[in-house]
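Presented sequentially are two complexes of chain A, the first with chain B as partner and the second with chain C.
Let's look at the complex of A and B:
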């Protein structure tokens, strides 16, 4: 069907045009094919980025279009880097990043290891486990606020059922102590399957022959696990961590819907803080500098990490 | 080979692993089942303590989701006709009348239009670019590919500031066109990387044979490579669609009415006196179910899609 349509298009092409296309060199075709994508990315990603960098040196505010825009050099950067509130949001982000990755790696790897035991029906259960990560974080995050309601929420009920506490005695998203963990729990629930899938691919890539050789050498199962399984899965695991690290550094939708950054500012991750500066306080220049700092941080950390990852892969 | 592998887990191990995994799966699916169940609860049942597992299913949540209602005032009561159908009956039982349709359908359609529009564009552009990257010697190819990938690392909020300004100037804010272009750009990294992997796997020999037979490059591309890459293109399209479907940050910042998609809308569904959880759950169910079904159908390609083609099974 598709081919017929293509034939028709080809026949309908005026001979002049066809001759021109036919005459194109591979190099020209390559540029025609790549060009539109690069153009779109330049227009919607790079141009805005350059604009952001430019704005970051000014005191521009979107809500005061007519106010004179002053070039203030590095003042925005200076103010951001010396602002204790921003360091607090960085701490909240670090807490979120560390614990989500910790739990996702721990649970994800364990699950992958168990699934790799090839019990009957493991495919079906793997598919079911994967479901949460494909869903809209904002919509699901919003519903979790319902599960987290004191008294009527399912989460509180289940926790109370097993611990004997009063389900209305604690509020996961209302308490300063619990809210940072509330967002860790939901993110872990959502993204553990991601780490699991990648680990599973790693485990399945290890050829049986290596274990057979180890068995002949009388290596214990425990030793096999630490000297074969772990080193060979490590590059996969590190890649999973890279993906989760970048994604969670940018985290916005899930947490905004869950806690909105509160109570106080204990769950105000950097993206949420940035959104407030840019779209609620309308300090455009200041927020632009903030955005540049974030981007440089992500990019820098990711590059260092990728170097380490490549070293592990080479081993 | 005797068919025996030293790596074959023992029977007891399999049972142990199976029970733990099934237990995890059941726990992890609870919130999703709860969303679907809550959609069929009455508002009173939805906030009952202890949480109700067994309840009388009602479509009230769905009715509330699709309609706006007003309370019947005493002077309205006389002129009121008896309810014409079950939908009106449900509303009337609460002492309300239907005032009109809600905005949910429109927001849902926005999600459909923007999702499919951006998916089509990003897969179209992505296929061309991926083919070129896969088959031709493009100058600074690796840098370009890395540049394309790096656009994905930017926090959406950081890019949103200038895009907000740019869209305002071009008249693109809160339009379908603006959102389609934006999502296309965001999805391009995914589609180029995934499709390059798929096209790399198609043996060069097919095309060479076609070229020798007198096909031009273009003909070889659309008669030989495209049909071969169809599975890859389809699964790439689905990943792009799911991203656009789920996206929230850009949507909440750059749309407010006309082009607002469902994710920023669903959390704002408010009933009379507080959040109407059955209606929210109903809206979420309708919105999430297609993705769940697609995920199950797509399970073989899942890993590749979520890792930008880095891990192939």
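Let's look at the complex of A and C:
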């Protein structure tokens, strides 16, 4: 009979080692499997977090590595939380977060609902809609700067076609009023397919039998939508909002490529501001305090959200 | 409402989690509102208290 690989390894293993391996308890084997993951988690996530919290109470600057590090208590936090410029950055982030999530959920759910209907070319449309999501954010930011060009940009011509305005009379990324909306439009264009896919998964998970029972009870389409579709898709929708909320809170590359945080600082989101403090001004202690504030905010929001999600799932 | 207060006094998880959630939401709102700088100044403290409270009270009995 042919000898398999395991038999060969077993025969080649010295008896002492074999006994040792065989003698391991289940608990020890579990630790061997889990240990590397725990080590990586501690090294990559937990240790930097604790180190950042520690640095946030100092005046440490990473570009002056030999300068004495002074413990300054809560002064970094005090400066950040009384700075009107950072307050303005928080507002810009809130505007971006709220409107991107609002439009992405609205359009994403509508598209999912339409795609879920059986029609010819369904798969082709799904593929086409999903395409923007597959592009790199840096590339998207770059080509949208061309689309937003007042002289040659397609976007301005489309708007001009529908409104009758002169295409070169407005600049989406050069205007203080329009620039915050310019980044909302691009993010919505790019990430609505993601929300659509999650909603589509939710819609396809609803069994037809529920709708059939509702039809027998003579429930109208409108009633079916509000009492069957929405409650059963809600956990999926909430998951999409959680993902997009966290992603957009740390949005960086797309906005940097598109507007660079300008004009002025109207599109400077917290992540862009944080990066400037940490790696352009090299105020490491100050940037650490900034990062801790953002971390606590996201952590708090995520805690509420996960609790709400679990409640919806239990229903 | 009386159930909520009863939960608070008897250290029940649901009521305390609700309180922590309200604090977090209030803190985030204060941080991002465009009206009052002083509210922004205190927003982080409110969020921090809410978040720490949430972590602690999620170990309370149901």
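Quick notes on this structure:
Everything below uses one rule, namely that the second predicted complex is superposed on the first by the 290 of 315 C-alpha atoms of A that agree within 3 Å, B and C clash if a C-alpha of one lies under 4 Å from a C-alpha of the other, contacts with A are read in each partner's own complex, and residues count from 1 in each chain.
To be clear about the criterion, a residue touches a chain if its C-beta (ideal position, glycine included) is under 8 Å from a C-beta of that chain, and two chains touch if they have at least 3 such contacts.
Here the structure is a predicted model, which means the values were calculated and not measured.
Of the two partner chains placed around the shared chain by superposition, chain B is the only one that A:246 touches, whereas chain C remains out of contact. Judged by the touch definition given at the top, the superposed model places A:90 against chain C, while chain B stays out of reach. Of the two partner chains placed around the shared chain by superposition, chain B and chain C are both touched by A:299. Residue contacts after overlaying the shared chain place A:55 against chain B, while chain C stays out of touching range. By the touch criterion defined above, A:307 reaches chain C but does not reach chain B.
Residue contacts after overlaying the shared chain place A:82 against chain C, while chain B stays out of touching range. Of the two partners chain B and chain C, more residues of chain A are touched by B.
Annotation: chain A residues 299 touch chain B in one complex and chain C in the other. For chain C in complex with chain A, the touching residues are 17, 21, 24-25, 27-28, 31-34, 37, 40-44, 47-48, 50-51, 54-55. Residues of chain A that touch chain B in their complex: 2-3, 6, 10, 21-22, 24, 26-27, 29-34, 36-38, 40-41, 43-49, 51-52, 55, 62, 107, 111, 114-115, 117-123, 125-140, 142-144, 146-147, 149, 151-154, 157, 167, 189, 192-194, 197-198, 201, 204, 208, 211-212, 215, 236, 239, 243, 246, 249-250, 252-253, 256-257, 270-271, 274-275, 278-279, 284, 287-288, 291-292, 294-295, 298-299, 302.
On chain B, the positions that touch chain A within their shared complex are 5-7, 9, 13-18, 20-22, 24-25, 28-32, 34-35, 38, 47-51, 125-126, 128-129, 131-133, 136-138, 144, 147-148, 150-151, 153-166, 181-182, 184-185, 188, 192, 216-219, 222-223, 226-227, 230, 242, 245-246, 248-249, 252-253, 262-264, 266-267, 275, 277, 280-281, 284, 287-288, 291-292, 294-296, 299, 302-303, 306-307, 310-311, 313. Those residues of chain A that touch chain C in the shared complex are 77, 81-82, 84, 87, 90-91, 93-94, 293, 296-297, 299-301, 303-304, 307.
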